[in-house]
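Next come the structures, one after another.
Shared between the two complexes below is chain A, which pairs with chain B and chain C, respectively.
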Partner chain A sequence: MIYYSLRRLFLLVITLWLLTIFIFLLNYLFPGDPLTNMTGIRAGDEFAYNIARQAYAFDQSIFTQYWHFLEHLLSGNWGQSLVTQRPVFDDILPLLGATLELSILAMLISLVFGVSLGLYAALNLHRPADTIIMGISLSAYSVPVFWLAQLLILLFAVKLGWTPISSQINPLFDIDVVTGSILTDIVLSDVPYRAAAFADALNHLWLPVIVLAVMPLTMLIRITRDAMLDVLQKNYIRAARARGLSEARIMLRHGLPNAMQPVVRQLGLQFSILMSNIIIAEMIFNWPGIGSWLVKSIYERDYPVLQGGLLTLAALILLVNVLVELFHAWHYPQVRKELYAER
Partner chain B sequence: MRTLAALLATQCLFILGCSPPSEEIAPLEQGLIYCSEGNPESFNPQLGTSGTTIDATSAQIYDRLIDYDSGQQQFVPALATSWEALDKGLRYRFHLRENVAFQSTPWFTPDRQFNAYDVLFSFNRWLQDEHPYHDVNGGQYPFFVSSGLIHLIDRIERVDDHIVDFHLVRPDSSFLANLATDFAVILSAEYGAELMHLAAPQQIDRQPIGTGPFQFVEFRKDFVIRYTRNEDYWREGPYIEQLVYVITPNANKRMLKLITGECDVIPYPLVDELAKLASDTEIEVTSEVNPNIAFWAFNTEHPPFDQPMVRRALAHAINRPAIIQTIYNGNARLASGVLPETSWAFSEQDQTYPYDPERARQLLAEAGYPDGFSMDIWAMPVQRAYNPNAQRMAELIQSDLARIGVNADIVSYEWNAFRRRLARNEHDSVLIGWVADNADPDNFFRPILSCAAARSGSNRANWCDPEFDKLLVDAISETNQAARKAIYQDIENYVLEKVPLVPIANSLRFQAHRSDIKGVELPPYGGLSFRKARKVAPEDMTAGEPKP
Partner chain C sequence: MNILDIRNLSIEIETSNGPVRVIDKLSLQLAEGEIHTLIGESGSGKSLLAKAILGFINPRWKITADRLWWRQYDLLALSRAQRRQITGRDMAMIFQNPGTYLDPNSTVGEQLRESIPSHDLPGNILTRRKQIQKRAEELMHRVGIKDHDAILESYPFELSDGVAQKISIAMAIAHRPKLLIADEPTTAMEPNMRSQIYRLLAKLSAGDGMSILMITQDLTAVIPESKRISLVYCGQLMETGPTEDVMREPVQPYTGAMLSTSLFSSETKPKSRLPTLTGAIPTLQHMPIGCRLGPRCPNARRACIEQPPLRSYKKHEFACHYPLIEVDSHD
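Right, the complex of A and B next:
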């Protein structure tokens, strides 16, 4: 296991390193001055520009330049935005919080409902319940996120008036942005109307969370169902039945834990899909997260921000995938066996 | 299983969250949400000309020396209590108001009240090249350059703490009008000195301090601008505790958010959806006569638009009445010249070219383009009071031009990038417009067509004609209104002859708000003011109505 973990972590570091090279090269590929693209300091501001030139070693070879770029990157100096002149790194953290809040909630919901519905469908194989669940999940899977979001907004916000259309909270609630995750920020703040603000934030939250949860939910339903059907064929289930164990015990003690193995393996991939959907959802719901920030930076040709957003999103996806793989290998010994046998 | 139950419990919380809280909560009752169409460029209107920046800052954070009352059509005191013209109009003396406090915020506590030094600081910042703040945050002051104010004011002198004298180079009848615009705001000299001491002068336009009704709290780009009430405001208002701008560039979303109650007031509602909005009893649509002009400007430096004959041909080629019908739904008047109907120098005479494709083709042939040519039409990406849909307008013009053999491409960029590229004159022609900052007819010509405007990059026709500039100077040096009117008619005819631009429409400015909001001022000249805005409870609304 240690060998495997080290190998995975090493791979992660290598991938991240390649990513920094790619981002470094982007500065030269974007139109304009590479140093301005990198730091957000324009040549017009001579004093600051010369300091940056020194700091990034722009009078030396490209390898030295990359080395200095990497140093700045690692020390959290990601340049400043060309539009707002604010440091990119300081702006990223609250945006990341807002994005993580959405993605974690969406992932949790899809996990809870996906697994339970998949299980239910597997136990009712070829009965109406199974057909209905599978039918709905397939059609929901086919609806693109941007379309689903518009439909649900039209229904729940405009027609029924149950929920607002956009943003994290009614902006009249003055909640200080600390982590970016609105629920956490409300708990941390000391405003007198915390309960009302919390309710309002939940009211803003549920629609984007549902929109985002639909895609992984439908996938997880199908994966769980197939995995469960697979497990139910296995000899140890038959043996358990033969020993006269209760059906509930068979399912919860023997069926489900084993069926979860392919589900866990899929979580990393589902998270990646969720992250690309979250960019769209954040734009539609005007969510102050890293996805909408990235898209706006593209519109405004704000290169330092664009790089920062790209790096953060890519690193996040890589990290989650590696963690899921490590958990998968740690929790399921048979996976490890497979891995070593391959070698 | 326990975790599963906990998750299900979270789920229930979600569902509980769906029902809106029944009792009213204080911040919701005492605040107002305005869904603005874009980000402000900065928090100092001196630095820009964009209407979005003006609406977000000028009347909220700052005050001016004098205000213009459009109802009474005269200048009224603001930070100056009275003023007089001396030395045959070469010197203006302003008596400043006493006991006016600057805003006190977490980052600045004023030690003194408003006085003559603040006036000097605010004006010298853009007047004097050597002023320590002149080059801070770009050092461009487009309004003051294009209106000519930067060359008109010779110097400003402090007589005592509450009297200042403005020395002018020549008498100018538009001087007071320019001082009453949203650009001539008063900043705090003390705050400037403190920031200089802290070596952070650029903060002056990012964390602004003024004397206005609202003080700045925070700005999150693309999301919100938050203001709170200035407790020590020197005149009436404000009545709301909190003013929040939610940045919503999409016009459709703005309208939906008004319907769901997420916005209290929205600018530029979609014209074709207006009827639907107006029938809703919760929403009121107001319109104001707005002194504006939508026009199609040619880059007169780019061939073939350097030939007046080509420009005249294109002016004949487009069907303007059809544009008015399609784009404005009849909510605008066909422009009969550059000046709108509301100006005192306006005349009934039609100073435009009629729709005549035959004549257009003939003129093109005479100019040496019998087979036409290719050109770009730049269309604004945003809605403005004068033009709710520039893209669609460009399409109409494109099809009109195809009829005379001219092949047009439509070009657009993000709004701030669009304006930057326009200032660099990268366009062939552009659909844009102008909203007057004051009631003086001069404001319709000098900021958009003079040589000074061409130099500062706000002359969309990139047109510099010394003869035209001479007429403008003649007009402002004249004090007799009838004589001035005659000169402005000559100017109109000169524009008609040279066609640097084709006037299209004068439109109304629309705004929609929830019916429990009262007192949002939409003055004809310049930006929006929330000073007298308030939220009335439903019971008050019925109580306020006269009983039979």
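Right, the complex of A and C next:
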């Protein structure tokens, strides 16, 4: 297990390193001056520009330049935004918090409901419940996120008026941004109207979370159902019945844990899909997360921001995938054995 | 006294070509503490019979019998829940490929412990756990595993087939069943392990008075402790009787053929071809009418399109119109 973990982590480091090379090369591939692209300091500001030129070793070879770029990257100096002139790294953390809040909640909801609905469908195979669940999940899977989001806004926000159309919270609640995750920030703040603010934030939150949860939810339903059907055919389930164990025990101790194995393995992939959907959803709901920030930076040709956002999202996806793989190997001894065998 | 009494059991399954009787009027009696070996080629319905006894038949299949009794219970008259209760309490089964019958993601110990009935143990949860652990170790010793600590902590994929089978046996006998059905328990196992398993089963039967229905493919696997054997072909009973009698004086051509296929059969001269039945067991879609051995039987004649009744010769019973030995006809 240790050997396997080290190898996975090593692979993660290598991938991240390749990512930084790509980001570095982007500075040269974008139109304009590479140094401005990298640091966000314009050539017009001669004093600052010359300091940056020294700091990033732009008078030397491209390898030295990369080395200095990497040094700055690792020390948290990610340049400044061309538009706002604010340091990129300081802006990213609250944005990341907002994005994580959405994605974690969406992932949790899709996991809980996806697995339980999938199990329910598998246990009621070919009965009406199964047909209905699978039918709805297939049609929901086929709906693109941007369209679904607008439909739901039209229904819940415009027609029914249950929820606001966009943003994290009513700006009248003056909550200081600390982590970016609005619920955490409200809990951390010491304003007297915390409960009201929390309720308002939840009211803003549930619609984007549902929109984001739909895609992984429908996929998890299908994966869980297939996995459970597969496990139910297994000999050890029949043997457990032959030993006279109760049906509940068979399902809870032998059926479910084994059926969860392929589901767990899929979680990393589901998270990646969620991350590409979150960019769209944040734009539509005007959510102050990394996704909408990234898209805005593209429109504004704000290259330092673009790089920072890209790096953060890619690193996040990589990290989650590695964590899922490590958990999978740690929790399922059989997988571990296969990994040893391949060593 | 017979604890299992099956008379004229038939199972019909639906295929795309209409219903097929995969088990055709099969009879089997099993006395208490007796080892009975059921022999048949693959596809002869042996495993299906085992499932029928345990009550794990697809509910859509039609199952009829003059008698399917377990001790004083008529199994066909019982509800599913009652049936399940009897199966769980009195019967147990072990299979071939024992590794696939163990949950790959929980340890051997967890699975063995959960097979031990805990409701009749005295004390509270904590003391019960200790007793269950003790009983688990005791079971491991009974099936001949000495390093129980290591094995209980290991996962099924870390075990060899033989050890996995021993653990299956330990799990099967955990609730002290009256009947153990062993469905080809040693197929694809090395000879050493094979004889260990057989000896273990014989010992368990002798010690606890547990009846064993041993299901196997060939006559060479019949162990000396097996008192009776039955030969089944395509779901029809060919011959049944005390092991020695049947082996010495086979009456049914199928039994004769099975015996002479054995490499160690004394009647086969060296360098001569082994006398075997031609062809292969028919598929479900092409079941012959009458005696199903007909198309492959060297003695078959016109009368064989009628299913022969079960007749007796000395201590055994057989079903054949043209037996290998002249038998006085009672009709």
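Convention: the second predicted complex is superposed on the first by the 341 of 343 C-alpha atoms of A that agree within 3 Å, B and C clash if a C-alpha of one lies under 4 Å from a C-alpha of the other, contacts with A are read in each partner's own complex, and residues count from 1 in each chain.
Keep in mind that, in the parts below, a residue touches a chain if its C-beta (ideal position, glycine included) is under 8 Å from a C-beta of that chain, and two chains touch if they have at least 3 such contacts.
These numbers come from a predicted model, not from an experiment.
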Superposed partners chain B and chain C on chain A - clash or fit: fit
Touched partner set for A:337, first chain B, second chain C, both or neither: second
Touched partner set for A:61, first chain B, second chain C, both or neither: neither
First, second, both or neither for A:261, with chain B first and chain C second: second
Touched partner set for A:249, first chain B, second chain C, both or neither: second
Contacts of A:163 with chain B and chain C, given as first, second, both or neither: first
Chain B versus chain C as contact partner of A:292, first or second or both or neither: first
Which of chain B and chain C A:142 touches, first, second, both or neither: neither
Chain touching more of chain A, residue-wise (chain B, chain C): B
Nearest-approach distance, in Å, of chain C Cα atoms to those of chain B in the combined model: 18
Set of chain A residues, in rising order, touched by both chain B and chain C: none
In the complex, chain A residues that touch chain B: 83-85, 108-109, 112, 116, 153, 157-158, 161-167, 170-174, 177, 192-193, 196, 199-200, 202-203, 205-206, 209, 252, 286, 288, 292-293, 296, 299-301
Contact set on chain C toward chain A in their complex: 54, 56, 84-85, 87-89, 91-93, 95, 97, 100-106, 110, 114-115, 155, 157-158, 168, 171-172, 174-175
Interfacial residue positions of chain B with respect to chain A in the complex: 1, 4, 7-8, 10-11, 13-14, 16-21, 25-28, 31, 33, 202, 217, 220-224, 226, 242, 244, 246, 248, 253, 256-257, 259-260, 262, 414, 416-417
For the chain A and chain C complex, residues of the former touching the latter: 234-236, 238-245, 249, 253-254, 257-258, 261, 332-334, 337
